[in-house]
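Some structures are shown below for you to check.
Next come two complexes built around chain A: one with chain B, the other with chain C.
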Partner chain A sequence: MDIENQRRVKELAEKYGAENLVVILGGAEAEASGLTAETVTAGDPTYAGPLAGVQLGLSVWHIVEDEIKAEIDPEVYDEQVGMMEMVLDVDAIKEEVSSIRKQYSKY
Partner chain B sequence: MDFAVVRGVSYVLVHAPSMLVHMGTTQTVEREANPDSDYLKELPKHLRSYSECMAYPPNQTYIGNITPDELGNIPRPWHENPLAKASRAGARGEIMPEDEFYALMKIVDSFDLVVLEEGFTAQVAAELSKDSVWIEGDRERLGAGAPISQIEELVSSGRAEGLYIGDKLVGCVKAAHERDKNLTAHVMAENLAAKASGTLALRHLVAKSGIDAADIDYIIECSEEACGDMNQRGGGNFAKAIGEMAGCVNASGCDVRGFCAAPAHAMVNAAGLVQSQVFKNVAVVGGGATAKLGMNGRDHVKKGLPLLEDVLGGFAVLVSANDGKSPIIRTDAVGRHKIGSGSSPQAVMTAIVVDPLERVGLSLKEVDKYSAEMQNPEITEPAGAGDVPTSNLKMIAALAVKRGEIARGDMGTFVKKHGMPGFAPTQGHVPSGVPSLGYLCDEISAGRIERAQIIGKGSLFLGRMTNLFDGISFLIQKNPGKCGSRDGAAAAGMAGVSEHELRKIMADALRGAAQTLVES
Partner chain C sequence: MILDGKKVVALGDRDGIPGGAIEECVKTAGGEVVFSVSECFV
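Right after this comes the complex of A and B.
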């Protein structure tokens, strides 16, 4: 997760409270999505950005997870995400992000 | 008006392991933040020799010695399967070693900023390879060099960026101003490397396409560097600076920027200038980026891989008036990501890939090959970015499914048939679309394919001016013959009809009219 986005997430969590923030990922790969999920929950694993050592424990999901998909108008979802749903390894992403969420999310 | 054609393409690489260590931003940032880090200690063990870099199959593909299809038949990891018949000279360019590149930086330096050590200069001058393109006056511009003590003093005082071969200091690039942050030694080294590699590409283009350099009217440079001083940071003009070093005495030019999409933007600009008859011959050229050397080095070292991002990449394309044989650039099928297009991958791909095809009545299946973001997956996969060319093809296949052109189960076949493996270095502007242009032109000329779409995509957010995405595409297609005064749209509709066939159609029509008169 790049340093600028880490800074934004940290500032938003400070402004609105970590319990009021949900992070929705759109990463194309399971491993990269998992690392981003880890960054906003357990802290930056590369120790390079503002979230290094900061355990925000945010509620983090990927856009392809069923719970998020159910929240979105199916037509809008198909228009915005339908193509990528066919392209991505959805099962691997779901497994990776949910596993990180179960381990580190506090909310 | 006739469509413009792609008359020639050149590709060059420069093996730059010492520049990777000293000038790649991943390394310079690490050295600043954590000078004793394990990464910096491990780094030298993962550098490749020139022969390893030269025999690396994706690099041989880039300079045109093997095709992307042949690369796809070589088992991965490619770095463990060097090409037996590799060579420095390529069908479309070369892979230049670092020492000769420093000489070239000195040769293209107009302000006496590059200082090379005298012994090093003499040695390189004696070995300037016949595989490269040296022109009259190069040896004089290289000069005799300077004592090492002078270079050591310049580097240790912070007034110059060192140029190394391994651990040995062999030269430096001086700052061009005492206080100007845009003319620091580091910036000047970056810009001179872009200028030198761009010059190398343009000289190869001239040599290989057979054009007289004096016949080039205009040059569009499309790298990702910015040259200028404190009053105009990106003032330019790399294009003319490069053209001057390649003998293009009748050319003017300008720089076009657009992150990784810039080469595709530049190609569309060039095609427009030629098709509208403003100029006959326009060269599009891009040099390499030292900053991106070893960009994913941390991941490569962590995973025990060689540092595969050890090359500067450059390319040049000659866009000319229709010669009746080279592939045409269909400006009636230019795709663009509009400001209002939206930034989801689906919106982006629809705007860049689907919309222009729909406009000219083509289906996704009717484009034989797609060339988008041709990064070598061996570089990007260890860094978590996946196989980028394949991901792009999967997106196009998914759009074909959504449009009912293919069944979902046929996505894999579509990807294989319409794509190709990535082979380009991650030099920013270089992977995006254009690395396949030479190969695709060959395939079209040989009659193996009819048309291909070249797709440039750029991440504008990196400049922190907008969150918009960017992309632009164009079609190249088999030349239907010179079209005389027909306009572009008519020419598109007549694709596949040659001048000879047109004459025949006209003659038949006149004969029919005459017959009618006789009968009446």
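Right after this comes the complex of A and C.
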């Protein structure tokens, strides 16, 4: 996750309170999505950015996860995500992101 | 509810689901997108 985005997420968590912030990912790959999820919960695993050593513990989900999909208007979801959902390895993404969330999310 | 009434950060992916698409979805669930990008995974 690039340094500028880490900085923005850190600022927003300070501004709104980490408990009020939810991160929704749209990553195409499970591994990259997992690394981003780790960065906004346990801190930057590469120790390069502003979130190094900062355990925000944010609520983080991928948009294809069932709990998130269930809250979105089905027509809008189909229009915006439906096509990509068919080509992504959705099961791997769900497993990776939910695993990180269960380990590190505080909210 | 996960999204209703929350401030939402959309970390999209040009090769996956872009930030703008996440934003459109989140709005229908009652969340407010406060930051949206599409290049998080480059």
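Operating definition for what follows: the second predicted complex is superposed on the first by the 107 of 107 C-alpha atoms of A that agree within 3 Å, B and C clash if a C-alpha of one lies under 4 Å from a C-alpha of the other, contacts with A are read in each partner's own complex, and residues count from 1 in each chain.
Simple rule for what comes next: a contact is a pair of C-beta atoms (placed from the backbone, for glycine too) under 8 Å apart; a residue touches a chain by one contact, two chains touch by 3 or more.
Keep in mind the model is a prediction, meaning the values are calculated, not measured.
Asker: Which partner chains sit in contact with A:54 here, chain B, chain C, both or neither? Use first/second/both/neither.
Answerer: Neither: A:54 stays clear of chain B and chain C.
Asker: A:67 contacts which: chain B (first), chain C (second), both, neither?
Answerer: In the superposition, A:67 touches chain C alone.
Asker: If you count the residues of chain A that each partner touches, which comes out higher, chain B or chain C?
Answerer: In the superposed model, C touches more residues of chain A.
Asker: Per the contact definition in the header, classify A:92: touching chain B only (first), chain C only (second), both, or neither.
Answerer: In the superposition, A:92 contacts neither chain B nor chain C.
Asker: Contact-wise, after the overlay, does A:9 reach chain B, chain C, both or neither (first, second, both, neither)?
Answerer: So A:9 only meets chain C here.
Asker: Thinking of the overlay built on chain A, is A:25 touched by chain B (first), by chain C (second), by both, or by neither?
Answerer: In the superposition, A:25 touches chain C alone.
Asker: Can A:82 be said to touch chain B (first), chain C (second), both, or neither?
Answerer: In the superposition, A:82 touches chain B alone.
Asker: Based on the A-chain superposition described above, do chain B and chain C contact any of the same residues on chain A, and if so which?
Answerer: 28-29, 32, 79-81, 84
Asker: Under the definition above, what is the set of chain A residues touching chain C in their complex?
Answerer: It is residues 1-2, 5, 8-9, 12, 16, 20-29, 32-33, 36, 40, 58-59, 61, 63-64, 67-68, 71-73, 76-77, 79-81, 84, 88 of chain A that touch chain C.
Asker: How about chain B: which of its residues touch chain A in the complex?
Answerer: It is residues 342, 344-347, 349, 384-386, 391, 394-395, 397-399, 401-402, 408, 411, 464 of chain B that touch chain A.
Asker: Spell out the part of chain C that touches chain A in their complex, as residue ranges.
Answerer: Counting only chain C, the residues touching chain A are 1-4, 6-13, 15-19, 21-22, 24-26, 28-31, 34-35, 37-42.
Asker: Tell me, which parts of chain A touch chain B in their complex?
Answerer: Residues 4, 28-29, 31-32, 35, 79-84, 86-87.
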